[in-house]
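Got some structures for you, see below.
In the two complexes that follow, chain A is the common piece, with chain B as its partner first and chain C second.
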Partner chain A sequence: MENVQTSTNINFTPRITPKSKSLWQHAWTQLKKDKLAMLALTVVTLYSLIAILSALGVIATGFDKEVGASYMAPNLEHILGTDIFGRSVWDKMIKSTEVAMSVGLVTAVISIFIGVLLGSIAGYFGGLLDELIVWFYTTVSSIPGIMLLVAITFIMGKGLFAMYLALGLTSWVSLCRLIRGEVMRHKDREYVQAASSVGCGDFRKLFVHILPNVLHIVIINFSLQFQVAIKSEVILSYLGLGVQGRPSWGTMIDDSKLELARGVWWQLFAASIAMFIVVLAFSILGDALRDALDPKLKGK
Partner chain B sequence: MKNLALMLFVISLIGGTFTSCSKKEIEKVKTLHLYVSTQVKGMDPIFADDRYSSNEVGRVYEGLLEYHYLMRPYTLVPNLAEKLPEVSKDGLTYTFSIKKGVLFHDDKCFPNGTGRELIAEDFVYSLKRLADPKLQSSGWWILDGKIKGLNEWREKNTGKPSVDYAEEVEGLKALDRYNLQFKLTRPYPQFLYALAMSFAFAVPREAVEHYGPAFLNHPVGTGAFILPEFKQTNKIVYVKNTKFRNKTYPTDASDELKNLLEDAGKPLPLVDKIEVEIVIESQPAWLNFQKGNSDYMGVPKDNFASAIQGNTLSDDLKAKGIELIVEPSLDVTYVAFNHDSELFKNKKLRQAMYLAQDIVKQNELFYNNTGLPAESIVPPGISGHIKMYKNPFRGPDLEKAKKLLAEAGYPEGKGLPEITYDCPSSTVSRQIGEHFKQEMAKVGINIKVVQNPWPELQSKVQKRTIMTYGMAWGADYPDAENFLQLLYGPNRSPGPNGSGYNNPEFNQLYKSSSMMQDSPERTALYEKMYRIAAEDVPMMYGVHRQSYVVKHGWLRNYISTDFEVGQAQYLNVDQEKKKSLIGKL
Partner chain C sequence: MNIYFYIIRRMAYMIPILLGVCLVIFFLFNVVAPDPAMIMLGKHATAKQILEVRKELGLDRPWFSQYLDIVKSSFTFDFGRSWSTKQEIVDMIKNGAIPSLTVAIPAFIIATILSIVISMFVAFYRGSLLDKMTVFVCVALMSLSSLAYILFGQWFFAFKLGWFEISGYEPVFPQIISYVALPVIIWVILEVGPDVRFYRTVVLDEVYQDYVRTARSKGLSEKVILFKHILKNAMIPIITSIIIQIPFLILGALLLESFFGIPGLGGITLNAINSSDFPVIKAMTVLSAVAFIIFSVITDVMYTLVDPRIRLK
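What follows is the complex of A and B.
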C-alpha cells in the first residue's frame, strides 16, 4: 500500500491564466464604448417600457376619450393637440407605441424562428432537404411582399394578429439564406467533428454546437427586422390593412393627409417623430451590434 | 397612390414652384370652360355609365325626354319627342311622336356628308343596341325585363354570330316615320325617367356601321354641340351645332329659379364653343378655377375650410366676383343593419342605436356642416319626402337610448356581442366608423370597425356576412322609388336591398306604388313608406349631402342639378363681365 500515492502528497498550485473573454462579453465591452449605440439602446429600452406600461393599462388609458374640442392646436394642457374627435394626440402616440413595438417583437420572433429553423436544417443536412427548402424560399421571395401581405390579411381577417403573421411570414427569407450559408461553413469544422466523435447526434451538433456560433447573425438580424416590421406596420395601417379600431402611427398619418389642408400638422408630426426616433435607434443599434459581434473586427 | 401624389403636390406648392401667370386676353368666340375630374370613357351613349361620360355624351346626343332646366321638383319635358307620350289606360303602351326636321350632325358617314333627318326607327335601333348581347352595355338594366319581347330578342341573338337588328321586337316599334310605340311587360312608371338617361339617346345607324368599334370616338348626334373626333387627351373641344333645331331657352321656371330667366326664349345653345379640360387632381383644378380657366367647379373637400367661412364664400373669393351655389343633392348616407341577423330583428335595439348617435355632430365633423341631417330614406326635393317630419328615433338622446336598450334586453349593453361595422378603406370612411364606435360606447355598445376594399365590402354585403355597414345612395332618377327600393324585401341582395330588410307592410305598399303613375295617391303611399322607414329604423340615416359649387361671375344660368346631362346648352358667358373680372384674378 506504500506505493499508492495519496492526495496529501500532491501539491496543487493554481495556475493563473489570463481570463479569456467570450464573444459575448467582448461584444458587450465593445458596445459599451460606443456612446451612440448606448443611447440607441436606452431609447429602445424606453420605448419597450412605454409599450409594456401602456399594454398593462398604466399609461395612455385615455387615448379614446374626448378631452377637448376637435383639432385643438398643441397647448400646455395637450402638448400635441387633439384630433378630429378631440382625443389627445399625445395619448394616441403613446398607445401606438404599444402596437408598433409588439408588431416589431412578434414579427421579428416569428421571422427568426422560421429563418433559423429552415436555414440551419437546409445548411446542415443538405441534399434533397436543402433543395426543397431553397426552392421554398425562392418561391416565397419571388412573390411580391406587399401582395403576400395583402393576401394573408384577406384570409386571416384584419387586425393585430393577422399583421404579426403576415409580416413574420414574409420576412424570414434573407435570414434563412444567411443561416444556411453559415451552417454550411461550420458543419465541417473541427469542433463539429469533435462533437461527432464523442457521439453527438445531428440535432445536438446543430442546435447545441453550431447554432451558438451563428447566433450573432441572428441578433443583428433581429434588431434590423424589428425596425422593418415597425415601418411595415405603419405602411399597412396607413393603407387601411393594419390594426383596426385602435390607434397606430400609420392611421395617424392617414388621418393627417386630409388634415394638412386645414393646417393641422400635429398628428403627422407626433406619429412621424415617434416612428423616426425608434427606427433610427434600432438602425444604429443594429450597426453597432454588427461591428461588436463580428469576430473579424475583434481588437480593431 | 393618389393621395401620395397629392401630398407631393402640396409639398411642391409650399416650395413655391408655381408662379402666377400673366394677364390674359379673353377669346373672341364665346367659350364655356368646363372641367372634369376623371378620364372620359368614350362617347358612346350605351357605355356612358358614369356621371362624367354621360355629361360628355349629353353635349352631342339627345333623348326623347329631358328634365326641365328650371323646374323643381324635377319635371320631365319632351326633348326630341314632340310632346309627352300617350300612355294607355293599363300603363303598358307608350306612344311617342318625335319632332320633325331634327337633323343629325354633318358627318362623312352620311351620303354627301350631310346629316339626315332623325326618324322613329333611330330610337328602335338605338334601344336595340342597348340590348345587344354582343355589346354588353352597362345600361341594359334600364330596359331589362321591361319591354315586351326585348329580353327574348337579346337571348335569341346571344349565340348567333351577328346580331339581327332587322327582326322586329313586339314592344319596340316605329309605327311610321315619326311615331314610336313601346309596349311594356308590366307597369313601370319610372320608364320615362329611363328614357331621359343618356343610355337611351339616339344614335344614327350609319355612323355605328361606318366607324365600327371606333364609333366610341366619333360621336354623331342631334345635340347642340358637335365633337368631330374624341381623343383621349386632356382637352375636349366642342363647337356649336349651327344646324341645331329651333330649341329655345325655357320661358317658365319654378319660383326660386325665376332669376335665371334672363335668356328666356333665346335660341340654344347660348355659347359657340365648349372647352372641357380633364384635371384629375383636385388641387390643380382648384388653382385653375381661381385663375379663371374653368367657369365653375365643386369645392374640393380639402379646400373647404379656406374657401367657405360660415356658410358663405370667403372674402377674397367674393372680391374676385366668384359666387357660391349650394344645392341639396338627391342622396342619403346611412348605416345599414343586416336584417338576417337575429340580433337586429330586435327593433328596440335598432332604435336605441340610432338614438345614441349625434348626426348633427357627424355632419359637422365629416361634411363641414353642409349636409342636411336625414330623418328618413327619401331626400328632400322629390315627392315622398315629408318636409316637417321629425324622426322620433333620431338622436342624440342618450337617456331614451339607454331606456330602449334596456327594454331590448341589453341594459347598459350587457349581453350584447361585439358588433362589427364594415366600411370602405378610405380615411374618411374609417373616421366615420371610429366616430360611430365612440357614439355607441356612450350607451355601452361595443363596436369594431373593419375597413374593406370596395369590392370586398360589396361581396360581404351580397353574401350577408356582415353586421352593420356604412353606405350612401345617390339618385338615378328623381323618384322616391329609387330610394325606397333599398328596403323592399324581394329586392334583397344581390338586388339593391343590401340590408335584407323585409317588412310585409312596407313590401305591400311598395308593390302597390310601383304600378302607379305619379299621383297624389302614390305620393301618399310613398309618405307612408317614408314613415315606416323612419320609425322602424331599418337603417340609421346620416345626412343628405349638399353640393357646394363655386362659379365665376361671368357664367350665367348655372344651377347645380343632380341631372347635368345636356346642361351646357343652357349656359351662357357674359363676355363684358368676363373682361372686367378676369383682371381681378
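What follows is the complex of A and C.
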C-alpha cells in the first residue's frame, strides 16, 4: 500500500506532513471507532479465553460428572438444567467452546495456508502452473462441499483431527481465487519492478513484497472461515461424523432432537445460543474488518 | 472475440473439469477410502470372502478401468446398484427427484423473490436505520445453526401447535401442503439472510456508478433510477447467482429432508452416508457435480450474452 501513499503525496511545495499511517494503523483507528465491532472483538476474545481455560482444565472440569437427576429443568443451582445422565448442561456448553474454537482456528489456518499458497503461485507465475491450479480449484468447487466433507471424514475416520482436515481441505477455494486475482494485479506494479531491479528472486518478490499487500484479504477471510467452520461442526456432528466422546455444540444439538418431544429444550437452547453469539460476533467483526481494510470499499 | 467461439471453448472446458471431478471421486472412494469389502463384511470376514466380494464389486480390476467406470457413469448415469438396498441407483434418483423438487422449487422461488424485494427496498433507504437493522437481522439469521431452525420449527409448529405434519410425505395435492409447508418455510428463512445481503451489495455496487450520476443529473427521480436503471444492471449478477444455485437444489436439503421424512434425494444421500453406501454417495456426487458444471457454463454464456462489456475482453 506504500505506493498508493507516495503517489498521492507528490507536491512541489515542501510541507511538513505528519508521519503517514500505514493501512493497518488506519484500519485499527477505524475499527476502534466502530462500537459494535469492538463488542464483537471482545466477545471473540472472551470465547477464546474460555476455550483456553477449559483446555487447561481450569474451568468446566465437571462437565462429565453427574451433578443431579436426569433432565432437570433449569433452576438456581443448574442454570441450564441437566442432560440425560444428570450432567450440567452449562458445563457442557462451556467445555464445547474448546471444540468449536479449535475447529474454527485450525480449519481457518489450513484453508488459508492452501488458499494463499496455491493462489499466489497461480497468480504470480501464470502459464501452465496457473492453468493447472485453476483447473484443480474449479474441479474441487464443482463437487458439493458436503459430499467432499463426508468423503474425507470417511477416509480419515471420525473425530476432531478428521474434522479439522475435512473442513480445511474443502474451504480454501474462494480465498485461492481472490488471492490469485490480487497477486495478478500486483505483480507488474512498480514496487515489484523495483524489487526485481535490486535483484530479488521470484519467491522473495512474491512472499516478501506482494503478499503483505494482499494480507488484508486473508484477514477478512479468516473471520469468515472461522464462523463457517463452527457452523459446519454442528452439521458434521449431526451426520455422526463429528467429535466423539466429548461434548460439542454439535453433539448437544444432535442429542436434543430426541429430547424436544419430552419438553427438554435447554440443551438445544444452550448450544444454539452459545454458537449464535460467537458466530454473530465473527460475522460482525468480518464485516467491520472488510470496511476498515478493503480500500476499494472506502467512502461507501 | 467471437461469441460462438467463446461458447464452444467454454463447453470444451467442461471436459477437463468433469474428468477432474471423476478423478477426485475415484481417488477418494477407490484409492484412499477404507476397503468396501471390509465395510460390507465386518470385522470377522475371512480372506476368501473378502476376495470374492472385491471381485463382485469389481475392485480387483486395474485402477484405470475403475476410473473409466466413473467417467462413463457421468455420461450414461448408469451408477449400478446400491449396496444396502440393492436397487438400481438410477431408479432411486428418479423416485427421489420429485419429492425433493416439491420442497426445493417453491422454497427457492419464494426465497429469491422475497430477497430481491427486500434488498431493493433497503437499497432504496440505504444508510438509514432500517437498512442497518435489516443487514443486522440477516447476519443474525445466518448465525443460528440450520439444525436449530429445523429442530425448533418441527417441535414448536408441528408438534406443539399441530399446524403442520411432523414428518412424512403424501404425493396428493391438498395433503401434500401440510407436509411440505414447514420445510419450505424453514428453507426460505435459511436462504433469505445470505441472499438479501448479497443482492443488497450488488445493488449498492451499482448505486455509485457513473450512469446513476448521469441519470440523477438529468433530474430523474430516485425511484425511476432504482427500478429502471439500477435494477436492470443489478439483475446480471443476481440472475447469475440464481442460476448457479439451481444445481444445489438437486441434492435437496439434506437435513430438511431427513428431519421431515421427505423421501427425496437428500434423504437418499443421508441414508447412504449412514450406511457407507459408496455407489450411492458416488452417484450423488457425480450427479450434482455434472449439474454444477453444466449450470456454470450456462451462467457464463448468459453473462456474455447479456453484458456486452464482457465480450470485449
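Keep in mind that, in the parts below, the second predicted complex is superposed on the first by the 278 of 300 C-alpha atoms of A that agree within 3 Å, B and C clash if a C-alpha of one lies under 4 Å from a C-alpha of the other, contacts with A are read in each partner's own complex, and residues count from 1 in each chain.
Everything that follows uses one rule, which is that a contact is a pair of C-beta atoms (placed from the backbone, for glycine too) under 8 Å apart; a residue touches a chain by one contact, two chains touch by 3 or more.
Since we're looking at a predicted model, the values are computed, not measured.
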| item | value |
| --- | --- |
| Chain C versus chain B on the shared chain A, clash or fit after superposition | clash |
| Contacts of A:64 with chain B and chain C, given as first, second, both or neither | first |
| First, second, both or neither for A:143, with chain B first and chain C second | second |
| Touched partner set for A:257, first chain B, second chain C, both or neither | both |
| Contacts of A:245 with chain B and chain C, given as first, second, both or neither | first |
| Partner chain(s) touched by A:165 [first = chain B, second = chain C, both, neither] | neither |
| Contacts of A:84 with chain B and chain C, given as first, second, both or neither | first |
| Comparison of chain B and chain C by chain A residues contacted | C |
| Partner chain in contact with A:293 - chain B first, chain C second, else both or neither | neither |
| Superposed model, chain B segment overlapping chain C, candidates 362-370, 452-460 or 560-568 | 452-460 |
| Touching both chain C and chain B, counted on chain A across the two superposed complexes | 154, 239-241, 254, 257, 260-261 |
| Residues of chain A that touch chain B when the two form their complex | 64, 66, 70, 84-85, 154, 157-158, 239-241, 244-245, 251, 254-255, 257-258, 260-262 |
| Contact footprint of chain A on chain B as seen in their complex | 3, 6-7, 10, 301-303, 305-306, 365, 425-428, 430-431, 434-435, 437-438, 441, 447-451, 456 |
| Chain A - residues contacting chain C, complex | 135-136, 138-140, 142-144, 146-148, 150-152, 154-155, 227, 231, 234-235, 238-241, 249, 253-254, 256-257, 260-261, 265, 268, 272, 275-276, 279-280, 283-284, 287, 300 |
| Interface residues, chain C side, partner chain A - complex | 16-17, 20-21, 23-25, 28-29, 32-34, 139-140, 142-148, 151-152, 154-155, 159, 204, 208, 248, 251, 254-255, 259, 269-270, 273-274, 276, 281, 284-285, 288-289, 292-293, 296 |
